[in-house]
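One chain, subunit A, links the two complexes that follow: it is found with subunit B in the first and with subunit C in the second.
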Partner chain A sequence: MNHEAFGLSANLFAFLDWHEFFFLLFAGVACVAAVMVVLSDNVVRMALHLVLSLGATAGLFFLAGAEFVGAMQLMIYVGGTLVLLVFGVMLTAQTQLVALRTPAGDRVIAGILAAALLAVLVQAAFSIESWQKPGQGVATAPTATPLGMALVGVRVDQVAEENLVRPKGGYLLPFEIVSVHLLVVLVGAAYLARAKRRRVPRSVDLVASADSTKPRSPVAASSTLVAGGPK
Partner chain B sequence: MTFVLCGVVSVSHYLVVGAVLFTCGVVCMALKRNALGVLMGIELVLNGANINFVAFGSEYLAGDGKSVLGLDGEVMALFVILLAAAEAAVALAITLNFYNNHATVDVDRADDLHG
Partner chain C sequence: MAEFLIETIGLPSWLSWTAIAGLSAFLILNVIAGGALVFIWAERKIAARIQDRLGPTRTGGRFGWLQSLADGIKLLAKEDLMPDGADALLFRIAPYVSFCASFCAFIALPFAFDVVGQRLNVGVFFVVAVLGLEVFGVILAGYASASKWSLFGAMREAAQVVSYEVPLGMCVVVPVMLAGSMDLVTIGEKQAGWASNWFIFHDPFTFIIFWVYYTCALASVNRAPFDLAEAESELVAGFHTEYSGLRWSFFFMAEYGSMFLVSALAAILFLGAWNGPVPVSQLLGLSDGMAADAPYALRLLGCINLFLKATAGVLVMMWIRWTLPRLRIDQVMTTCLKYCTPIAAAMFAGVMLWQLFLPGGLVAGSFQNAAGVREGWLEQSNNQESVNEDALSDIVPSRRIVEVSR
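== the complex of A and B ==
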């Protein structure tokens, strides 16, 4: 390797601020993929671009020092929620439904409104003086332990500054509410999305089970479907 | 490179990324005819909000070394992620139900309650 070239590349590496570089990389990927989600008509491509956008967002979380939230973003969002969405795409993937086109007039109006909204939000983002001060880049402690303690009601990050007798409240109650909420929602989702069983009146249940090969009345089946399943 | 970022990254830059994701999500929700596309728009909106929470909660980005939200921002981001998962599950169930009943996922066709 040429000595001069080596010095140049070392200069380049010294010139590059890696935090800045990775911020630009992740922010660019997140924004471009989000725009591609809007622009593409194919729902499968939209899902792929959404994966890219959310993954790059997780990278931004890591850069901001919130490594536990970033890991959760990758595991729950990209690993769970998007798999759910992709399942939805696969279950409803008929050829005429994969690419539903939006009228061009709607696109133009939406573009104008989006530009206006973006202008307002960006202007707001740069409107506060203290938000624009570049970060000190202080080394941050790992956040997994304080987060876990906060979720069970103990704020270890507040203990140092406030007195030990009355530390700032933790998040035990919201944590429990969210847990029960998630449980109820998943049970409800499973109830809503399960395969529909055709239902016949109870008096003819025995007869129906005796000759289950006989097809039942399509009217009864469709009325069950419209009513949203068996009550 | 330093044209956009004079110095180190600040909270404002994170807010801009969040604003872009939020705007894309809103447009996605309003524009898509596929119900799953609308769901993806909701995910984008929630992510934009999440970026703001994390940015305000980050000590690394804080200009004066003391973040606005502290750990609360990250806890809120975790709650948002959890609620987004719940919302996606139940919205997907509704979409599948709609698909079973109408054999389509076009939200423009969901006009059974139209007077």
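== the complex of A and C ==
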């Protein structure tokens, strides 16, 4: 109806494709932030740039319609960097680690590794014949439910596709192995972190003893920070 | 809605999508900012009444209802200070990091059936994940301020938020298990009907786990009695000691935004979402209980319903804040690790067994039965696939980015 009224702007914006715009935006942010991680010498700034880069990657996942993977990226990677940030703050708050200097040998090794990885990735990226957007033949169906069903042993997607009477077992065994593994890790962490009853009866004493010793270990410093420091 | 603009009015598609995206961003921003204005005023009035004072009475005539607006103008005019030793870049962006996290979580939060910025298949997961990112701003602020009070406050908050995410996640999983979906809209729809359908009344375990969730939510948004990050008696003002003016107010908008967000999430997960305690529209014959066909006026009523429930949650938070004394850090950790986490785990197992052995509830027919839920789940995923196949025919690449409603 009003196509003429918008004709000029439509011509101007004919190239404006929001999907490509956001793809370029997220990809650009991810790359620039990743480079900034390497270039900055402050641990906290590095962590911030890492968060930006990983967050932009999550944005790419959402853009591709992989909502579950995107939320996972936010929860695990970006949330995990949070702990990294906490340790960065703890380390740089009181010692001379504010500015990190990388030895030249490390730079060379890192450069070789990065170049090798880049070569593999570039080769993989250009070996794909044609890239497709979501909605152009790539399925954009919800991914969480089939994933969850597959993890507990029912491949819903295969039931729908092949009309199998007895669907193939999904990923129940790997899922169980990973769960038990994580449980063992948690128990181990709790065992390592538990208070040693004979040496440190109360957390207040822990702080006091941390103050009296000459060199501060990061752990002692952290407990001082959390508990509010010596009075 | 964008389809409506394209097909009926004939706007070009890029313009429609931009307009709809802008509109929903504008609405969400107003929920946060307007909510902060109202809640700050309410907080002052409630604090005053609990302490046997009057609170603001003059600004704007009666009740001092324009007080927060006056405060906002004062904050705008305040000098923006930055300490000498501060890390300038991090100090400047920290408030916006907090605010952005709060804002992003609202994108996936439905206010009524399909009245949602972007309906996500993994809505609960997304909201909880993004909510945990708000602490980034606080840590950056504490670090960049170059002040020991800020640093102490930020470290306390980090320790607190990281540990409370564990029981919070466990509590959130229970409604997901009952509804058989991580989609917040589906979870809300499963509780339609009488109040006995609400997940909090599903069985004794969910009743207990709701209160565990509320406690953890209180801790994860740093409200008293868990507000160690800004303990004014020992840390001056905690992480925002060095902030003033507009940057400071961004922290507060983020805080009130998250308070509203966790209360709204509690309402959606446990308190029947946008469904009232009595299915009035169904009894009057205005709708047949299928929300997808309900007229827009009913959805608006659903919005009001959810806002009322979430506001009630926020008011209870204020009531708690001005009633209970602040906990010590070791008491905060004890509450999390020795009480919240084991209780949440036990209740989770309890709900699981209840679903296994008493899926229909104690009285037959009084609750939804689990088989129906499971069938609905599979059926629904098939429906969604077919809907998506329909959507493939009219390819609009940006349809995934923002969609207000269908």
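What we mean here is this: the second predicted complex is superposed on the first by the 128 of 231 C-alpha atoms of A that agree within 3 Å, B and C clash if a C-alpha of one lies under 4 Å from a C-alpha of the other, contacts with A are read in each partner's own complex, and residues count from 1 in each chain.
As a working rule, contacts are C-beta pairs under 8 Å (C-beta built on N, C-alpha and C of every residue); 3 or more make two chains touch, one makes a residue touch a chain.
Note that this is a predicted model, so its numbers are computed, not measured.
Asker: On subunit A, which partner touches more residues: subunit B or subunit C?
Answerer: Higher number of touched subunit A residues: B.
Asker: After superposition on the shared chain, which partner residues are touched by A:F68: those of subunit B (first), subunit C (second), both, or neither?
Answerer: In the superposed model, A:F68 contacts both subunit B and subunit C.
Asker: So in the superposed three-chain picture, is A:P146 touching just subunit B, just subunit C, both, or none of them (first/second/both/neither)?
Answerer: both
Asker: Name the contact category of A:H19: first (subunit B only), second (subunit C only), both, or neither.
Answerer: The answer is both, since A:H19 touches subunit B and subunit C.
Asker: A:A189 contacts which: subunit B (first), subunit C (second), both, neither?
Answerer: Touch partner of A:A189: subunit B, not subunit C.
Asker: Applying the touch criterion given at the start, work out whether A:D106 contacts subunit B, subunit C, both or neither, answering first, second, both or neither.
Answerer: Only subunit B is touched by A:D106; subunit C is not.
Asker: With both complexes overlaid on chain A, does A:V89 touch subunit B (first), subunit C (second), both or neither?
Answerer: Touch status of A:V89: both partners.
Asker: After superposition on the shared chain, which partner residues are touched by A:M46: those of subunit B (first), subunit C (second), both, or neither?
Answerer: The first partner, subunit B, only.
Asker: Who does A:L121 touch here: subunit B (first), subunit C (second), both, or neither?
Answerer: A:L121 contacts subunit B only, not subunit C.
Asker: Using the superposition described at the top, list the residues of subunit A that contact subunit B and also contact subunit C.
Answerer: Common interface on subunit A, subunit B vs subunit C: 16-17, 19-20, 63, 65, 68, 72, 82, 85, 89, 92, 133-136, 140, 143, 146, 225-226, 228.
Asker: For the complex, give me every residue of subunit A touching subunit B.
Answerer: Against subunit B, subunit A makes touches at 16-17, 19-21, 23-24, 27, 30-31, 34-35, 37-38, 43, 46-47, 50, 53-54, 57, 60-61, 63-66, 68-69, 72-73, 76-77, 80-82, 84-85, 87-89, 91-92, 97, 100-102, 106-107, 110-111, 113-114, 117-118, 121-122, 124-126, 128, 130-138, 140, 143, 146-147, 150-151, 155, 157, 171, 174, 178, 181-182, 185-186, 188-193, 196, 225-226, 228.
Asker: Residue numbers of subunit A touching subunit C in their complex, please.
Answerer: 1-3, 6, 9-10, 13, 16-20, 22, 42, 44-45, 48, 51, 62-63, 65, 67-68, 70-72, 74-75, 78-79, 82-83, 85-86, 89-90, 92-93, 133-136, 139-146, 156, 160, 203, 222, 225-229
Asker: Taking the touch rule as given, give the residues of subunit B at its contact with subunit A in the complex, in rising order.
Answerer: 1-2, 4-17, 19-28, 30-34, 36-37, 39-41, 43-44, 47, 50-51, 54-55, 57-65, 70-71, 73-75, 77-79, 81-90, 92-97, 99-101, 104-106
Asker: Once bound in the complex, which stretches of subunit C touch subunit A?
Answerer: 9-12, 14-15, 17-18, 87, 89-90, 120-122, 125-126, 128-130, 132-133, 135-136, 139-140, 142-143, 148, 151-152, 154-156, 158-159, 162, 165, 181-183, 234-235, 329-330, 377-378, 381-382, 384-385, 388, 391-392, 395-401
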